[in-house]
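Chain IDs A, B, C and D follow the sequence of writing; residue 1 opens each chain.
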Amino acid sequence: MIRSEVDAMIIVLKKSVTDEEKKNLIERIESLGLSVHLSEGKERTIIGAIGDESILQEKPITSMPGVETVMPILKPYKLVSREFQKEDTIIDVNGVKIGGNKIQMIAGPCSVESQESLTETAIEVAKTGTLLMRGGAFKPRTSPYSFQGLGETGLKYLREAKEKTGMMIVTELMDPRDLDLICEYADIIQIGARNMSNFRLLKDVGGVDKPVLLKRGLSATIKELLMSAEYIASEGNRKIILCERGIRTFETATRNTLDLSAIPVLKELCHLPVVIDPSHAVGRWDLVASSSKAAVAAGADGLMIEVHNDPQNALCDGSQSLRPSKYAELYTQLQTIAQAVGRSL
Amino acid sequence: MIRSEVDAMIIVLKKSVTDEEKKNLIERIESLGLSVHLSEGKERTIIGAIGDESILQEKPITSMPGVETVMPILKPYKLVSREFQKEDTIIDVNGVKIGGNKIQMIAGPCSVESQESLTETAIEVAKTGTLLMRGGAFKPRTSPYSFQGLGETGLKYLREAKEKTGMMIVTELMDPRDLDLICEYADIIQIGARNMSNFRLLKDVGGVDKPVLLKRGLSATIKELLMSAEYIASEGNRKIILCERGIRTFETATRNTLDLSAIPVLKELCHLPVVIDPSHAVGRWDLVASSSKAAVAAGADGLMIEVHNDPQNALCDGSQSLRPSKYAELYTQLQTIAQAVGRSL
Amino acid sequence: MIRSEVDAMIIVLKKSVTDEEKKNLIERIESLGLSVHLSEGKERTIIGAIGDESILQEKPITSMPGVETVMPILKPYKLVSREFQKEDTIIDVNGVKIGGNKIQMIAGPCSVESQESLTETAIEVAKTGTLLMRGGAFKPRTSPYSFQGLGETGLKYLREAKEKTGMMIVTELMDPRDLDLICEYADIIQIGARNMSNFRLLKDVGGVDKPVLLKRGLSATIKELLMSAEYIASEGNRKIILCERGIRTFETATRNTLDLSAIPVLKELCHLPVVIDPSHAVGRWDLVASSSKAAVAAGADGLMIEVHNDPQNALCDGSQSLRPSKYAELYTQLQTIAQAVGRSL
Amino acid sequence: MIRSEVDAMIIVLKKSVTDEEKKNLIERIESLGLSVHLSEGKERTIIGAIGDESILQEKPITSMPGVETVMPILKPYKLVSREFQKEDTIIDVNGVKIGGNKIQMIAGPCSVESQESLTETAIEVAKTGTLLMRGGAFKPRTSPYSFQGLGETGLKYLREAKEKTGMMIVTELMDPRDLDLICEYADIIQIGARNMSNFRLLKDVGGVDKPVLLKRGLSATIKELLMSAEYIASEGNRKIILCERGIRTFETATRNTLDLSAIPVLKELCHLPVVIDPSHAVGRWDLVASSSKAAVAAGADGLMIEVHNDPQNALCDGSQSLRPSKYAELYTQLQTIAQAVGRSL
């Protein structure tokens, strides 16, 4: 057994690498202040770079002549990683704890449409024992001709519903110009899937003292989701809730494909709570129950479900919204499953 | 309200369609023995074709001048559809029922490697109450230099394990030349993901009187899976078990992405039992438990799980195999969840 | 042949639809002010809704009991569609025309890093005949610890390079707060792939009088790209250049998969110029030439290529940047191919 | 600079790895007959295994306690790799060379339908200078109710068309039972996308002395395509032509997404000729020209194009077939582009 030191990056050279190319690579790495560990096997030469990996990550070593592949040793995120913090993060939202043994439900309409509709829905939802309410005042809609949300009026309706029910408000921030306004009303700021890589906005919410619910982008890898969480954390805000809401695949039978394996994978890699949004994942109300049950069984810390008192007249995502009565039914079923996996709901 | 008849296909014409193109289209459809129903709106002209849709499905109407889109009205599969048979199909495998209230477990090694290893694994698996045993004698391996299975010797070991444990045998058919051999030993013939669109092989198993477990292809849509099942059914064999085992997506944290929403979607569209293979979906033994629980909660009729008495020395897929003790633990947990959703296991 | 009128939406009912469900649906559609055209075939009943489709698009008809599928007849985008404007849009950027017979090259570094580096690169690029220069002052980076761009200083360097070379500036807007600043310096405002669905930002650039280069999102369909273009157009700005830059697929050999068929598809559906960014699509400088040639042959109106005078020391995307000498070589080869397809470059 | 030897595999350990786990891993690797090179950095411990990598590839090192990632150093394919053979393979098909300077066209109907239709199409195609003819006698069809091919009769029609035109025959083998029959008639045996991972069939064609055209599977990575080619080569047959025909992605505007970057990537990794099938990739005849031109510009060694003398009555894939006159037009355009990239056609 031979012993030595490699700390940063492993660079596998092409079989056809020339001595000149090898020399250039070594000089290049050493010029960046790193030490080189050269391993010459029968089939391949490998360079181990020793020192601060972040120096190398910025450099296009991959494209240098003679290089076949480059393998970074360290993960690109730190603050949110399980290595940085072993214990699960439990986020306290004015008394409601997310990330602990109790699975939290977040329910309500896709968008806030009217005071009556929201209040009616909220009252019904609250009766089940649900402690968090969702509802968008600013809505990202694919078509410019669709309903775009009520704006501040919507936020006021949410506050009124909160006063009536005691439920905390989860609502989406779409634009940095609304940050102060959203902070005034929201208990949890939601960053939608479309903004997961809006890095300026991530920094903005990283600078406030409010829990952030960060949704995974439609085609974002788990690693990219964690990098976006790292953006928020790097600005000081560590109250981050991750949310899987379906990824885009070739399958069109459902709106998206819900990636429930993301739960154990995220739990292994990071210390943040993980919430599932089955409504957006499947896009059809009649498939929400199956996915919700699966999410609880798979280990989710919470569920985010669209409930509307009159889905057929909803201005947004009515097709995937449950009626309050269906939601209440589901709530009871989920409690049994939560118990079966040793948790409460 | 106007009333009329459309039976086969709806053809939406381009805004820019000419009278000549319209005339050609109508003549073409009528020449095929179908009637035409013309709807001329302000923005678009629509042709409804009345008659036997299958005539049209073979014809490239889509590419005819003036056509914007074509929308078939009927589903392309019949025998396996819920419309054809309302009641769930329950398959009796020598006394073991798949598709009923009881969720069936199918467990065992990826490939049969030795008599000792298989027997030891099988005995442990059987102790839990598992009634079906998996194990490949012929293995589809990505590399020509990997272990390719023991062939008939492997089948003999399976039979011995069956004699010792009473568990039924599920084993894969890869090639039509092995059909007779496999039929001699297997209680359920497995068609692997890579062969889901091997239509000749599907016809072959459609001609025998043995239950078939048909795995969804890596990038097959739910509709395509049902079309493949239709191939089998169209030859007479209606004992088909569908198996979702993860689809290929951009995410690389897991081997594949398990599409659990496929369960309720398949249950709606067809009458066949649906089994989930979490081992191949996630590709890591430590993620199998989470996905298995989710699958039971989502409504699966069975689970197919890789168990190996010595995963570190497995010749195939050791990384995703559970030890028998872990499997026994999982089995107990799954029973609780099954109960929570009103089923037994 | 029967004749009638359908104008908005076609709704196929389930085989199992009840008379009650049918009645409800018809009432629902008529209550929205649309007429109903009922077609009762042997296998299926179909409802054609006549009137203003946009009324229905907002309503969750899909999830109503008895509905199998819904098929909208009209496209969801208007202003950018080929139906709205038959002739190709040609955009005049201070004398440089995009969308005409001449294929335009846009070249320069991924990010502006220093005055010397930018000027040197720009001078070399300009020598080839290239009329447009790219360079990011604000950079969306996956890691919060990566170089984030020089901000306004970067814009000043771009202006200096423009003064020295006469090339027009294409630079990215990431945040609405930078809109005025970017407008002051840019000749074309770039909206990056990550912001394709940042609808508020789209509206912002829709309100200014500057050409916008809109990049396709990583997992955006062609239809969604056109919807985003419609957002810009709906605010008044019709000077939109679409840019395909690779989509996310399961293949990892290249950074993304360049979808060159998007060119003829977009040309058919809309009237806007289409530019290709091979550098981001492939992610490796040695694959850029092959993709660039393919793009010109496929009918692109322009190419956007990363060029850096010292790729190995680039702070961003060095691996995919060409040296100026390689770019000059490629430029000459592309001219020959442009000629072969009847265009100039 | 430190020097040592690593030959097989690099194993990065978790930060949390225990001494016990480390000891177990080292013992395990040494027990397999490999030497261990231990590198202990500040952040991570890395194990380099020295010896025959293939021993390790079969073992589930990844799942051993304490292991974070495993990185094999060698490529899993050998005979087809550029390292094994530096020079391009040029395949001689009875005088027609594939892989050299001349780009070869393969044209004809999707399936052979009648003698008249095939002969007429073939004669027209041959007039352009095309030397290879395609046509399926056995057809993989998604629906069991679709036309499945004429079988041996179709092969006879192909032979007659060959006698009349001198064009070589490319036809698909779907089932091992047809191998002798296909060998009797075909000049090139086609393995379709659906059979790319039918490893038994690959071995079968690996054992005959006929060129094989191997199509990339719908969701196969480039590496998997090369592994399938390795299967053929490992049985002795080195006359392999690779064919990219579009991969499955989320985009539905085209049938598949043509991955033209596969051409330079394959050319770098292996020594085999690469042919492009734009017809199946785009699925619409009016998009074939754009993709064909792009393929030639990107460096393809050949194109496979569906041509039918009467597409509207084609029994298979009529929507994507060109009429002979359109094909002749395209042929001339492709010649100009071939010339522009220094090749002939």
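Operating definition for what follows: contacts are C-beta pairs under 8 Å (C-beta built on N, C-alpha and C of every residue); 3 or more make two chains touch, one makes a residue touch a chain.
This one's a predicted model, so the numbers in the text were calculated from it and none came from an experiment.
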item	value
Partner chains shared by subunit B and subunit C (touch criterion as defined above)	A, D
Chain whose average C-alpha position is farthest from subunit C's own	B
Mean-CA-position distance for subunit D and subunit B (Å)	26
Cα-centroid distance, subunit C relative to subunit D, in whole angstrom	31
Where subunit A and subunit D are represented by their mean Cα positions, the distance between them in whole Å	37
Multi-partner residues of subunit A (each touching 2 or more other chains)	219, 248-250, 252, 286
Pairwise touch network: line, ring, star, complete, or other	complete
In the complex, subunit B residues that touch subunit D	28, 54, 57-60, 62-64, 76-77, 140-148, 174-177, 194-195, 197-201, 203, 218-219, 224, 227, 230-231, 234-235, 248, 284-286, 311-315, 317-321
Contact set on subunit D toward subunit A in their complex	1-8, 10, 12, 15-16, 26, 30, 35-44, 46, 48, 50, 53, 69, 71, 73-74, 83, 219, 248-250, 252
Of subunit D, residues touching subunit C in the complex	219, 221-223, 247, 249-254, 257-265, 268, 281-282, 286-287, 290-291, 293-299, 333, 336-337, 339-341
